[in-house]
Each structure stands twice: as C-alpha cells, then as structure tokens.
Amino acid sequence: MNADVGFWILQSLNALQLSMLLFLLSIGLTVIFGLMHFVNLAHGSLYAVGAYVAAAIATGWGYWAGFFLAPVAVAATGIVLYLGLIRKMRRSGPMAQVLVTFGLIFVLLDLTRILWGDLPLAIETPALLQGRINILGIDYPAYRLFVIVLGLAIFAALAFILGRTQVGAMIRAGVDNDAMAACLGINVERLFFTVFCIGCALAGLAGAVAAPLLSVAPDMGLQILIPTLIVIVIGGLGSLKGAIAGSLIYGIVQTFGAVIAPQMASVLIYALLAAVLVIRPMGLFPTKG
Amino acid sequence: MLETRNLSKSFGPIHVTRDVSIRLERGERRVILGPNGAGKTTLFNLLAGVLQADSGQVLLAGKDITALPVARRARRGISRSYQKNTLFDGLSVRENLGLAAAVQAGQARRLFHDSLSHPKVRETVEEVAHLARLEQVLDARVNEVSYGIRRQLEVGVALATRPQVLLMDEPTSGVGPEMAAGFHDLLSGLPRDLTLLIIEHDMDLAFEVADKITVLNYGEVVFEGLPEAARGSDLLKEIYLGSWENA
Amino acid sequence: MFRHTTFRYLVLAILGAGALFQAFSAGYFGLEVLIEILILAILVLALDMVAGFGGMVSLCHGALMGLGAYAYAMLSSIVGLPPLAALVGAMAIVGALAWIIGAICARSHGIYFIMATLAFGQMAYSYIFQTPIFGGDDGMGGITRPDLSAIGIDLNDSRSFALFCLAGLVLAYLAAVAVLRSGLGRSLCGIHHSEERMRALGLTVWRVKADIFGLSGLITGFAGALAAMHVMYISPGLLDWTVSGEALVVVILGGLGTLVGPLVGAVAFVILKHELSAVTPYWHLVVGVVLIVVVLSRANGIFGWLEARIGARRIFPTHAAVKKVPNDA
C-alpha cells in the first residue's frame, strides 16, 4: 500500500516536471502569438539551439555557465530572426507564417547538424543537483525537482509581471487590441521585440534545462514542437493561464496515460486536443481580439 | 409573413435591441429608419440568425424560427443584401447569381455537374438578371463593372435565392442621387408578393417605396405607421431628422 | 474556380511528355525518381484541392496518405482481398476518415484549422505506431502490386509500374478538375471567398467542406496505396507530420490554388532533393532557404510566378478589349 502511494507520488512529480518543461516553451510561443498574431513553428528549433549551446558551453565552463548563457545565445538568435525575417512576416496570413517558420525549422536543424554533428551529445547534471532528495516519503532526483521549482518560479514571476506591473498591463493591452494599445501611446513595435526576445530566451532556458534530462540531438526541436503546440492550442492561443493549464493537462495525461493505458497513451492526448477544438474551438482560455 | 415578438439583444451592458415587436404582411414594403447606432443592422442580424436573441421570438410565415441557424433560415426564405458589397470578385455577374441560385435549386453540392448549366439555375439567373437590371452585364467580371452595378448585383444575389422575405441593408449606400432614383424603379419592379424590409438612409426613397415605416432609436421601436404620418411626426423629426442633419 | 488556360494546357503537355519520355528512356534509378514524383504529385493535387481552393490548410494529408498505405497493406495481406479491390477499399477508408476530419474541423479557421488537422494526423500516427497488429515501429513488408498479367502488364517491372502511376495521376487530375468545376467546387470557391455570405444564401457550409475534404482524402488514399505498392514496405514514418509539411511546401513551391502548379512543384521538389542529397547531406537547409525565399517573394510559387509574368504581357490587349459597361440602373 505504502509503495503504491509512493508510486503515484513519483508519477505526479514526473507529470509536474514534464509540465514545467513544456510550460517554459509554450509560454513564450503563446505570448508571442497573443501579442503579434505570429505563429512561430521554429520555436522548438530555438529550444534545440538552447540545448546545444548549453551542452557546448558545459563541456568547457561547466553546467551553470551554459544554463545562464544559453538563454542569452538563443535570445540573440531570436533578435537576428526578428530583424531579418519575422518583422517582415507580421502582416502575412497564418499560412505564410507557418511555411516560413517551417522552412526555418529545416535551416536550424541542418545548421545544428553542421555545427555539432549528427550524434547525440550527453551532458552531466551539475554537481550541486546530483543525487536524490527525499520528498513526501520518496527519493526523487534532485535535478528533476529543480526543474519543477524553476518552472513554478518562472510562472510566478510571469504572473506577477503580467498582472501587476506597467509592462504587464501594456502586454495585456496589446494582446487584447494592438491598434488600441498603439493609440494609448504604447510603442507596440518595441513591445513586440522585447516579448519576442524574452520568449526566445525562455525557449533557450528550456533547452538548457532539458539537456541533462534528454539526449541532445538535432531532431529534439521537432520532437518537442508538437507537444508545445498541443499545450497552447488546448490552453487557448495567447493566454498565460492557458499555457500553464495546457502544460499541466499535457503532463498529467501523458504521464498517467502511459501508466494506466500504455496502449492508448499518446492517442489520448490527441483525442483530447481534438475534443477541445470541437467543443471550444478557441481553447480553454480564449483571449479576446 | 415576418414577425418578431419582444426581441431583445444586449452586448454586455448595452441594449442594442429592446423589446422589438414588428409584423410584416405578405408583400409589404417596410422601411426602417433610425440614426446611426439605433440597432438597425443588429435587428437584421437577429432576423437572419447571425446573432442569437437574448429573448423574444422571430416568426416566418407563422412558424417560430428563433432557434434556426443562418443557413436554415435562408432556406426557409429569408435572404439579405449587405450594406457593403459581399460579391465574389473574380467571378462574372452570371456566376455570382448562379452561385446563389444553385443553393436554392439544390445544386450546390452536385458532384461532377456544373451547377450553372442546370436548367433551374439558368432560369433563376435570367429572371433575377431581369429584375435587378443586370442583363447587359451578365458576362462581365465583377471587378470590371461600375459600383452602381455592383450594388444592383448585391441585391440580385440576394434575390437569386428566391426569398419570401428580403432584408436590404442600405441598398443605395454610396451611390449617387440619380442611381438612387434608378433603385426606386428596381424596387417597384420586384414581385408584389415579395416581402421587403429595407434599411434606408435616403429619405425620399424611403417615403416613396414604403408601405409602412418603422423608426428605431436606441434599439427600441419609437414609431410605426404610414409614411405620411411619419413625414409629419414631430417625434421622428426630433430623434431622427435632427441627428440626420447633424451627421 | 478552376479554369484551364492555354498556358496551363501547355505546361500540362510538357509535363506529360516529360513523364512519358522518362518512363520509356530512363534506367532503374530514373524510374524510381519518376515514380516518386508521380505519387507525390497525386498527394499534392489532393492537398491543393482543399488548401488552394477551399482555404483549408491541412497538416494531416501526409498521415492520410500513410493510412492509405496501411489500409492497402492490411486489406491485401491480412484480409486477403485482391490488390485492386484493396486499392478501392483503401481509398474508401481514407475518404471516409477524411470526411469525418473535415466535418469536425469545418468550424475552425486559420491557425486553429492547421492545428486541428495536425492533431488528427498525429492521432493516426500514434495509433499506427502503438498498435501491434500494424507491426509497430518495424512496419510491414511483403506488400504486393496488382496483377495485370491478364492484359499483358507486369507491374513488378519498374517501367510498367511507372506508367501505371502516370495513368493514376492523369485520372486523379481529371477527377480533381471535375470536382472543382462541379456545383460543389463552385460552392467551395464561394466559401473560400466568404463563408458568411454562402451561409446567408442558405448553404450548409460544413457539408461542402466535409465533402471536399472527403474527396481529397479519396485521392490521398489512392496516393497512399500506390506508395505502399511502390516500396512494398510500410512503416509509421509514412504518417509523420513532416510529410504533411513537405507536401504543403511542394504545393507552395509550385503555386497554391492552380492545380497545375503543385505538379510542377512535385517535379522540382523531388529532383532538387535527389540532386542536393547527392552533393550534401544538408539538403534540408537548401530546401528551407528556397521555401523562405519563395514565401517572402510573395509570388504564388514557381508556376504562379510564371503565370503572372505571362498574364502581365497580355494585359494590354485584354484591357483594351474590355467593353465599356453600361452604368445606368
């Protein structure tokens, strides 16, 4: 009985850890969409770039250097993309955006292959977070716990920024109605740019965090893209609440699905997505405008 | 023919339609007047089914159609033309009319057969082209004809569904005075058993074609009566003509 | 609304002649490339029907094609139907599934439609991947081609099979044109232009969308069955969403909503892929850059660009020829 309870606690923590990783990715993507109405399919590729940068830096200067520099490097990549490509695509329809960023996936995929080769890289968990911590009566890997805490911390920080600060109010105004926001004297263009960079930095952070958990391989961006898209579509494009709700739903369905009904686990999440789209075509927490 | 009972609709705190009860007899020509924001187009959307009323009923030929979606109401015989043209630009005038006629003739989902060559569709197209005075331009592309012709086609497309009730949202919007006079002839030429509900800004035209006039203000019916009575009404002058002249 | 122009006939003639020439002159490898082009061409034809003419940008057509391949394999190998019956069965199954997907997604638009179709495609992928009867990750082998020896054709010969696929493409093209010029096709164009207006005219919009999606699925299932016959082996990779993405890329490279353009796109894409992968393992990089450039150029793909150029030359005589349209009411 006791072992049984421990098993479910373990699965719950695993679900939470997966949710937090997805949250780091989906929050950037969803706010970029909400604010700019821009669909960036290459968001997953930015995450892969983050993982590679973190892995490359970690081999020389240790994990923490990679952890802090990967978001910076990915934000820099984001700036290049924004100035060179995405700014021009803002007024195009979703079709053109999907295609251009799909092309970008190809480009980034092969660039990482050229720079780092086809073989997966492994990266050590940092010394500080090795070992296991006893929590709720079970031993849980310290690093995974760190991912959960980090995710929750970022969620709290973003909720504070979006809910309580001037910048947050500007972003919310922009999500609701960007023309109106411009009328209120908000520099919408600069706001977009900032949000885009932060979204990219968070994707890079997610890559750095995921690197020790998964093997760092060229197709990891493609692998994570679909779950991320599912999260934001279930949650409702453009919504912070939706991103956290979608992440939790995905993490729970995926983790417990694999335990309870391994046959149907991955079909389950797609069926759920389809059901959400049929019943609430704009997601669980639709944004206005 | 068309009747509403205590129709109400609000967007948040704003009542755009309040307790509207109107009743149109078969073949009646009713003009709706009212200043901008009086809820005229909202009323049309409630009648056509684009918006769902908060309360009240819409009846067509005595049958309650309040719960029916847009397409089913249209098939029951409610058609509408829009204030802004909603034409299919790349197509010819004939094809525009044909597209509408095909739906009514049950040809819109025919596979491997062109709906336009169906005799019923062709017959409707010819007839509507005559009514809407489009015979001369049937094979011209929509983006090649004048604005006035496009306004006529807008009405023509609505007619091609062979409606019992036609809702016309400012048919003369944006056309010059001499064209508006032409529209009067067009409206007079429509079959007498067709019920018309017209939103019109052109007062002369309104008084000429209307059997009866309904005035809306802040979503409420504030006047209903014969055009002669409307002309002399102080109330109408106050709320409608006042804001009309200011506009 | 689809129309044939002299230029379109000309391009079709060139493509047809090129395919025939290749079919009779090429060696084994050349024939393999030709077959690949022909099957991809059928797929993108089906995709252009929904995406180009109906605005339904589907990211599940790759999965539908994969389902067609699996349906053919299951019906012929496990159920034991004769190959031609299995081919028809596979088309029917995929057509029906596509109709259901189309009906469910009909209410979604823009990015939501793309995501919804992606979800259904991935659902099919996961289902095939995880169900043991389909061979899981390992896939299935031993798929047979139809036996046409009664009329003296041996489809196990690459040349005959290439011609079989070419005949299939011609049929698929004619079917797509017939559908787009039918009452249903006209209604679809109307919906693409203004869904609201068509609804106000009394059209049940979702039925039209579902019907077209189903018909497109029928053609996609055909392409899938041909793909299974071609490699005689199938694996879940056929249903991967990147296949749908690539199909969309081909449609865009060729020219959305032109039907002929995607055929040009299929030729360009397969040849580009083979030429580049012979030179560099990073051919995706080049395809990605080409795609970005094409979309940014705002031309409607290779074919669309050519068509616009030719149209621009003719514009003077046609403009002068436009009759002055009477203005009176």
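As written, the chains take the letters A, B and C, and residue 1 is the first residue of each chain.
Just so it is clear, contacts are C-beta pairs under 8 Å (C-beta built on N, C-alpha and C of every residue); 3 or more make two chains touch, one makes a residue touch a chain.
Given the structure is predicted, the values throughout are model-derived calculations rather than measurements.
> Please give the intersection of the contact partners of chain A with those of chain C.
none
> If every chain is reduced to the average of its C-alpha atoms, which one ends up farthest from chain C?
It is B.
> If you average all the Cα positions, which chain's own average lands nearest?
C
> Per the centroid of Cα atoms for each chain, what is the distance between chain A and chain C, given in Å?
33
> Starting from the mean Cα coordinates of chain A and chain B, work out the distance between those two points in Å.
Those two chain centres are 50 Å apart.
> Starting from the mean Cα coordinates of chain B and chain C, work out the distance between those two points in Å.
Each chain's C-alpha centroid was found; their separation is 42 Å.
> For chain B, which residues are shared contacts with two or more other chains?
As it turns out, chain B has no residue touching two or more other chains.
> Could you list, by residue number, the parts of chain A that touch chain C in their complex?
Result: residues 33, 39, 85, 88-89, 92-96, 98-100, 102-107, 109-111, 113-114, 222, 226, 229-230, 233, 237, 263-267, 270-271, 273-274, 277-278, 281-282 of chain A touch chain C.
> Where on chain C does chain B make contact in their complex?
It is residues 1, 178-179, 181-184, 186-187, 189-190, 193-194, 196-205, 207-208, 211, 215, 322-323, 325-329 of chain C that touch chain B.
> Given the complex with chain C, which residues does chain B contribute to the contact?
48, 50, 69-72, 74-75, 79-80, 82, 86, 88-91, 95, 98-100, 102-104, 107-116, 118, 133, 136-137, 140, 144-146, 148-149, 152, 157, 160-161, 179, 182-183, 185-186
> Residues of chain C touching chain A in their complex?
Within the complex, chain C contacts chain A at residues 57, 104-105, 107-108, 110-112, 114-116, 118-120, 122-123, 126-127, 129-131, 241-242, 245, 248-249, 252, 281-282, 284-285, 287-292, 295-296.
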